[in-house]
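Note sheet for the following structure.
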Amino acid sequence: MGQTPRLKVDIGGLKLDNPVMTASGTFGYGEEFSQLTDIDRLGAIVAKGISLLPRPGNPPPRICETAAGLLNAIGLENVGIKRFIREKVPFLRRCGTKVIANILGDRVEDYGELCAILSDCDGVDAIEVNISCPNVKKGGMAFGTDPDTVAEITKTCKENSKLPVIIKLSPNVTDITLTARAAAAAGADALSLINTITAMAIDTEKRKAVLGNIIGGLSGPAIKPVALRMVWQTAQAVDIPLIGIGGIMTATDAIEFILAGATAVQVGTANFINPGTGEDIVHGLSEYMNRHGTRDINELRGAINS
Amino acid sequence: MGQTPRLKVDIGGLKLDNPVMTASGTFGYGEEFSQLTDIDRLGAIVAKGISLLPRPGNPPPRICETAAGLLNAIGLENVGIKRFIREKVPFLRRCGTKVIANILGDRVEDYGELCAILSDCDGVDAIEVNISCPNVKKGGMAFGTDPDTVAEITKTCKENSKLPVIIKLSPNVTDITLTARAAAAAGADALSLINTITAMAIDTEKRKAVLGNIIGGLSGPAIKPVALRMVWQTAQAVDIPLIGIGGIMTATDAIEFILAGATAVQVGTANFINPGTGEDIVHGLSEYMNRHGTRDINELRGAINS
Amino acid sequence: MLENARVKNIVSLGAELFRIGLHSPRIAKISRPAHFVMVRTSPGISPLLCRPFSIYQSNTDGTLEILFRRLGPGTTNISRLRPRDEVQLTGPLGTPFDLGRREEYILIAGGVGIAPIFMAAKHLQRHKRRNLTVIAGAATAAEIHPLIQDFKDIDIICDITTVDGSAGHKGLVTDLITPATTKHDMGHTGIICCGPTPMMAAVAARAADLGIECQVSLETMMACGISACLGCAVAIRGSEKYFHVCKDGPVFRADEIEWDRLRD
Amino acid sequence: MLENARVKNIVSLGAELFRIGLHSPRIAKISRPAHFVMVRTSPGISPLLCRPFSIYQSNTDGTLEILFRRLGPGTTNISRLRPRDEVQLTGPLGTPFDLGRREEYILIAGGVGIAPIFMAAKHLQRHKRRNLTVIAGAATAAEIHPLIQDFKDIDIICDITTVDGSAGHKGLVTDLITPATTKHDMGHTGIICCGPTPMMAAVAARAADLGIECQVSLETMMACGISACLGCAVAIRGSEKYFHVCKDGPVFRADEIEWDRLRD
């Protein structure tokens, strides 16, 4: 007690005041939340995923609620890198918190190009690479499920980036440690996991898939046990920092991920339910540490005994 | 209206009065539920998984609750095939409903042996093959994730069985259609999916995994959207009957699976919450069909328009 | 803004309809017709997401009222709230009706879609634009009566329709548009509409025929309400792009919307 | 059996303790000390699983009573039930205490573990085995008083302990076992115990030292309560096999249990 616990963490060179970030696609470009919560209290903001060109996104309906979960098929709608830099980064640059851009592409080369552009963009502190997008060349199967493609994208990003590169893993794989190892070996500075789990809902009255895109991604508390397992497995497999994501609603949830081996966490769906979730978690982490006499959050990382 | 709707379905030669079964491991050996619900109203009972030799199961704690889910690591505790036939089958034989044995093994040969024994066992109508067990020879990676092993087990089972063989697929794979196609090509009479999703929970106060086994399997409403997606994908990929499993609590849930392409469904975790769930669903199916003027349940199979 | 509001009162109106008063002075103060709030209906995970509701009334004492129909888990939870319970609100959200564009208005409501219409009617009445027609429709008399009570109290007479003919005109709200036009100077009249999507599509079509400007307040599934999730998309007419109902709407000019691609 | 029971009454006893009376004549009729029921605490998914509770009293009018502590979502939901609400019960489940084995008993309870102990005490009193000692422990006076009130009403005096010394003996229930032995014919005395696992382990060790038979009623996580899920395993002493608490227990002879492998 007495002292305030130390919450600072280092994610492959990106230094954060605390380990709590917002997940891509769930916090807009930051500005949307600025009147609802004190975003400067967050460790970092991860912006909505951006591509080289703007994308209109999928036909509606795009979201639906499931048991303790949210199913979405937004289709990576975004304003494109140009408008991102012109319209969104100025606000982000003024924030008192770190900013991570999240990128996506149809081809491996897109990722390199995006990294190069963002590396010269004042106001962006790191790049998170979303590899869960359908791979146009390989017939729509996601990039993120094939370790070789993951390595290839990671290499391209590293070659083109002056900023720390975080590879965001897809959970839709048989063995998460294969893609994790591939990214780590190819030079990733950190990994974030998990993205949404592919899922579906059907409207029995209309006899139609609920989502316009038929299939979507599941997020929220429902997936937390799966995400936690993947973080734990990945922590045994690689030595680079991990960012735990999936169903985090409370400080206790965040601590579960840190104990499983994560250096930091991201809050996604919970932002929609309570825009102050991230702030509350930062506060809750300190409380937990005070109660347990933990001086430094880094002592908790991977600290489960079996 | 007027007529009672027809609920009979055919699962690779196994004829059921209705498409509602109980899932393996969630209905004991039937007897446990006989005083709580009218088990003769069910289409079939799938018994708790059995192996050649009895297994003690995993160290406790074995279960824990998660958001809209149940995490379990029972460790396939069972009485072994001998006591199953001596002590459990006599009750099952007297039931007015079909009985499906569920088998598991450490080696491919175990599956063949179990099929041969069960084929001569009066009172068992079909065999469901659980391939989600750790493969001892291949260092613990589950049999069910490798299409070649799935094909091999399916072949062995078919060669040794006089009864319909249902292969129960694991959801812990990148592409469920690969294992589904492998089983179908190797002669499986039907597929059931999904088994539980590998997952984990951590007790932040004790700083320990909640489960004695650290990792377990997630079931219940939380996983329904994932299960539904896999059934839908598999229905596009193979022509044999599918049994949909995962988070089914209500008739509406069951109909979602049938509309996604399942011929029948299994109720798992819901049996623990309301032992009469299966019966309620049979009733609810008729109601839905009356309301929609559907005469035969088989008309609903795969009947979603996009 | 985010405000933890205390329940002041909750009244069951019959036909699964309820009216709830919430002490939420900061949101109430700046609310305008067709603004909405996101209500967190459970402290836990069931249901997980907040639910959007139009603001029905905002009073000078800081009370915000919502009129809602009990449909599923979220509205069931709200219907169980009791005075002094606390509930998390985010609002006021969205772009309200633009009521300054025309001299006269025909207001058209379907079912509980009457909520923003009532606030619009009060606003227009307060701003002395009294040539108002209000057309309100529902399935039955039992459903329509609780919805029009508050109009009576402020001396606005509604033209009502019911599908089964148990009250007012038997039929749909669109049936009463032509009769209403005879009472209005159509060159200076606009339509304001909120209700089920098929009804709004029909009204939009009639308005187009008549050549009158029509504003609709749309409903879609919403996760965030603040243009962060991009879940509330509706197709823009003649474009491959989408509006976001929570930010660009919920109010749109009817002719901006690609009605055929809006699933009910 | 499965019974939909109506709430007859619910009383808050302070210190997060509650007593609820349920009209459940079929289950009440055949309940015995340490039998338990699985209660469905929510019609929805939050929480998902039923919760196990010992039967505290079963009355001839068909009322079944449960004494519970509010801890998490399940017990919070039960604490919110009101008279006439309906709740799904499965029971009576498990193997009750075997109270016919000894002439005299020392009954030992920790916290809300007193529920089956009270039923056992009533049973023993009714069967005229009056040489009973009841030792009841809790953290504080505020916690112990509501737990022993019903014993007073049937003229059983409890020896009480509190951790903070605010009532009775300052310390643990095990401290009072040796004093109690002076009042009993130890050759014909048994121990009956229910409480937190570490307490039961300590009582089991004392009983072994004294060479007296000790029955404990264990708690584990349970999904089904009817030996279907195999989730409620506890290690059998000197074996690699497991008991299932819901069927083989909740009552066990203390020397059958591998206490070291029971996680609290």
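Couple of notes before you dig in:
Each chain carries a letter (A, B, C and D) given by its place in the written order, and its residues are counted from 1.
To be clear about the criterion, a contact is a pair of C-beta atoms (placed from the backbone, for glycine too) under 8 Å apart; a residue touches a chain by one contact, two chains touch by 3 or more.
None of the values given here were measured: they were computed from a predicted structure.
Any chain bridging chain A and chain D, meaning touching each of them, is among B, C; the list is complete. Set against the C-alpha centre of chain D, every other chain centre is closer than that of C.
Mean C-alpha position of chain A lies 36 Å from that of chain C.
Taking the mean of the C-alpha atoms as each chain's centre, chain A and chain B sit 34 Å apart. The mean-CA centres of chain B and chain C are about 46 angstrom from one another, to the nearest whole unit.
Contacts with at least two other chains are made by residues 45-46 of chain C.
Contact with two or more other chains is made by residues 67-69, 220-221 of chain A.
Contact residues on chain D toward chain C in their complex (touch as defined above): 42, 44-46, 73. Of all residues in chain A, only 66-69, 71, 141, 145, 172-175, 197-202, 204, 207-209, 214-215, 218, 220-226, 228-229, 232, 247, 252, 255-256, 259-260, 288, 303-306 touch chain B in the complex they form. Across the complex, chain A is touched by residues 1-2, 40, 45-50, 88, 90, 220-224, 226-235, 240-242, 261-263 of chain C. On the chain B side of its complex with chain D, the touching residues are 25-28, 32-33, 35-37, 48, 56-65, 67-70, 72, 74, 77, 212, 220-221, 249, 269, 271-276.
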